[in-house]
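Read from first to last, the chains carry the letters A, B, C and D; within each, the first residue is number 1.
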């Protein structure tokens, strides 16, 4: 077998051709730097039109990890404040201690299918508020889609937003994979809902067809003031900020952003249906572009000879959770080949 | 007058056409992420061949501010350690307190034409070493070219490196504008010298023709271990790290990096000669792509109607230091037009 | 019922009379400041004689929380490093996020009766070492006695020290309640063992008869260099450091430190025997001066009318864990009265 | 000559006898911990009666460095905020980078006789407010008395407070040597003025007769909320907080605090008069308990054989600034002897 396709990630290729064309088309136009150029302003306008909140601000940073860092840096002000997150959260597990390096604790709650609940937030607050020897949570951070591909329902997000308001907590939604979360089967949250319910949310470009870039939508006026100083301090600025603005302007000029997400999500659905047909179960009920089949270790190993497959975790001595991602660039043929090969191995 | 040209910065355009072509050419090749792809490895190989130290490591980050942050995060380990820098240093003045946000003080010395001296470093150490109520410097940070366009001589850098060795200080050279510093008239420092004399130095792409990206050359083996964890923690990773690798591989595949620097530097020299001929003096003796003429405020204001011109600082009630930058993209005609217009205003 | 006695803490009274006498006796002698006076040097000498490591250094700080903070600040140097601790650890739960405010994550392991195990440390390292997106543990922190009154056996501590050596982890032992841990029934760890097996350990004064003060024994030469700069930076210095030195010199001039611990520990043992006789069970197998009986809520409430009793946590709708502490100052009569009243309520 | 007296510091002895007596008298009374005991509440009441602001809160910490750290931790909330201080400020020079370890820059202004001016604050704000690449000052920190013994006039403090209000800056006054500043000749600032004009100020005990302890008067209601969580996070709590409360209750039960300050200040005045009579000049116009005569190096060296004398800095190859401190415990005879010996050496 030769290597056929990497399902390891949704950022294994470059950018959608329209994005490369836009970069080439605008290349020699002189612009000011640091995401204040006319392309970034246009991208902001296009995104806010969909969010439905013209008073919000949009800022652009180069990566999802940076968007998380800047958002939480802006929310956690008093030194003793913490952020509530699920124990599977990327900011807790896989960002190298970036939040703690800000000086703030992550107050963990047990995730339910990767999701945090309003009840868990309330329980944390009831415990921490009266005890001055503890940190005091000031923000809630969740990912939509989550790290295990699940998505929140509108009812769940409304409940979380309500408990946040009750306790004066900021609500941050990490949308590194926002595209797939918005178009997945059963999804009932819209950009307008996020504009209405969150203090900051992000719209990821890197994992949905851009070379790089995340849009940060800052809804809460209290956070907008001097927000760019946080970007500066975290070294998040891209001098030629135009390169992110151009990409987002292209992605939101029409429905490109959503079309790309539909492509990756529908292919993942097709993959899951095929895998289920072979009798395998799944670690999480993901409707997004991330699939988590539980496969025999021997099968995974044989697959890995020809495909990029990430092992999420073991479940027994003989089986593990595999993680398979599809992207805007994944060809249908790659799905069919994988299912074909998997069937032979099963 | 209509706006003719921005001399405000050397990052006002996109990227050199060869870079856009390289991005397009490689676009659909699947690669692993986080600057571990084959393009980044190739770029590392090409850079180290010029540095002459195959044992060094090269890491790529998206911006000069981030390169400074990651380098100093890796050097300042004990909490009480500080970094010595000139009082004009970018890390002190214009990075929003990023170093202090790491938890470390910047110990300032008076800059001489933007440059730090071996003597000043020694004086700082003599004062701080015996007093346990003070911070203890552990690194020296300097920019080459400096923030006012000047460059170090090899003798100056050797002297600084010697005093660093004597006191156990790491030496970091911020090369956001390394290209112009290497090719400027009178320059006698090479990449090999930097590989030999510094612990970490950077080679800036953003200000020399790339869309974005800085190469960090880590010479000191003690700093190489786990270096990528610093990149992770500062949220410096670009998931599609390939996009930086592709650019640096192109810039160093032949002499493109140096050719672009020669273009911007020679145009700046032409600009300075022209301005001097009109009788104006300069704030700093810059041989690089940055020029700092001292002009009457009225002249600056009239120029600003047609050109992007940054006012560096006032020098009297009537005159100020203007900052003019040229880049790989600056046309000769823009220089001639500016000199022509300036002559009319003088 | 009138308030009879506070069992809430072991720091409800002032200091042992010999300590007050020593402060008065030495009051007008002039000394230099910041724990460099002759009393601190004498206290260091007396403690190191018992530790059996004349090459170690002893530093004095005002509180146990500060001792933890300074010790971990000295151990966690690279920004991505974390400290491993039990999920019941004081540094995790009750120090207001102090360690995270240093910039470092606490990597939690499930405590076993408040204790961390060598196996749990190994499991953490096996997971974190190969994944560069995670923090990298560099230290292990444990309390002896623990937060729930349990103590480590020498075999357990030897195993932990061995796994620490294997992975290059520093070992810190928080001895805020070291006195009771050393003299408790079944205790087989000595100060010499701590000097031999740990990098830093502390000997608490506050909870064993002093007005305030903790001795930090720094065994590892690599941590001794510039250690006082950490004390300075954390604002841990006491200008009249003599007042801590005088107290420790008095506590260790003979066996006073151990005699006071024996008093509090034997009274706690008497209390536990009496409570067990009444048929109650205990939350933890504490042989120290901390007792954790599980009592009906109604009983706790009635006790609280006359005694200071802290509720550690609920165990059901009807019962909770009470925490009862004895100290050097607790009279035998208070124990007898409490047992008498508890019997009437049962 | 034998060592006659240390003029090195004002904390070379223990505590005023009345304080030791108070500690002994109250020793066996049981109290709750962490500065919430009845003695701390009484001390708070007594101090606020003099401040004239019953709505303020008083918190107690063990040292002046810690008071500075906690105050600034409470004031600097957004990560990019800085504190303005004189370049001679203790927080800048001699606290081991404690403020930077909080993550915040100290924005320096040139001190005038150790004092900061309203004009300098305004100049800093005019420069930093419009430039988003710079830090943004949020607080002003000054010491009264300053590090060189000078004191502010009420007019100066009013002007500083006004410019702070204009720019939304918090005002912090470090009163480690507040006693001498209030009673010095020419002093026109009262505790009521400090309660009216500052957001937080401190009243130092360590350097005016206590064993240890600083009172932090928090006037601004916005800073009072959760203030104790800052104390907790910085490990500033003293478990037996009573020992600071008892001392301040004694110092402010009548005029003891002021009487002790008058003693040290009048002796310093006597010392300065005597030194001036011998023809020596002074480095600063200090009316406080700190004196800074400029003496020939040979004279200083001979004095140091018999007295504790700190050399503040050199002024030429032959002369230096000596720093001489008097305290509540300094006997008149020590002053006379020093003047006598100095006369012989001159």
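To be clear about the criterion, a residue touches a chain if its C-beta (ideal position, glycine included) is under 8 Å from a C-beta of that chain, and two chains touch if they have at least 3 such contacts.
The structure displayed is predicted, hence computed values, not measured ones.
Among the remaining chains, those touching chain C and also chain D are A, B.
Taking each chain's centre as the mean of its CA atoms, D is the chain most distant from chain A. Set side by side, the interfaces A-B and B-D show unequal numbers of C-beta pairs in contact, with more at A-B. Computed centre separation for the pair chain B/chain C is 50 angstrom, with centres defined by C-alpha atoms. Taking each chain's centre as the average of its CA atoms, chain B and chain D sit 43 Å apart. With centres taken as mean Cα positions, chain B sits 33 Å from chain A. Within chain D, the positions touching two or more other chains are listed as 79-80, 95-97, 101-103, 132-133, 135, 229, 232-233. Those residues of chain A lying in contact with chain B across their complex are 5-6, 8-9, 11-15, 17, 20, 23-24, 26-33, 62-66, 68-69, 95-98, 101, 206-207, 211-212, 229, 232-240, 242-243, 308, 329. Interface residues of chain D facing chain B in the complex, by the touch rule stated above, are 79-80, 82, 93-97, 100-105, 131-135. Here chain D touches chain A in the complex through residues 73-74, 77-80, 102-103, 132-133, 135-136, 226, 228-230, 232-233, going by the rule given at the top.
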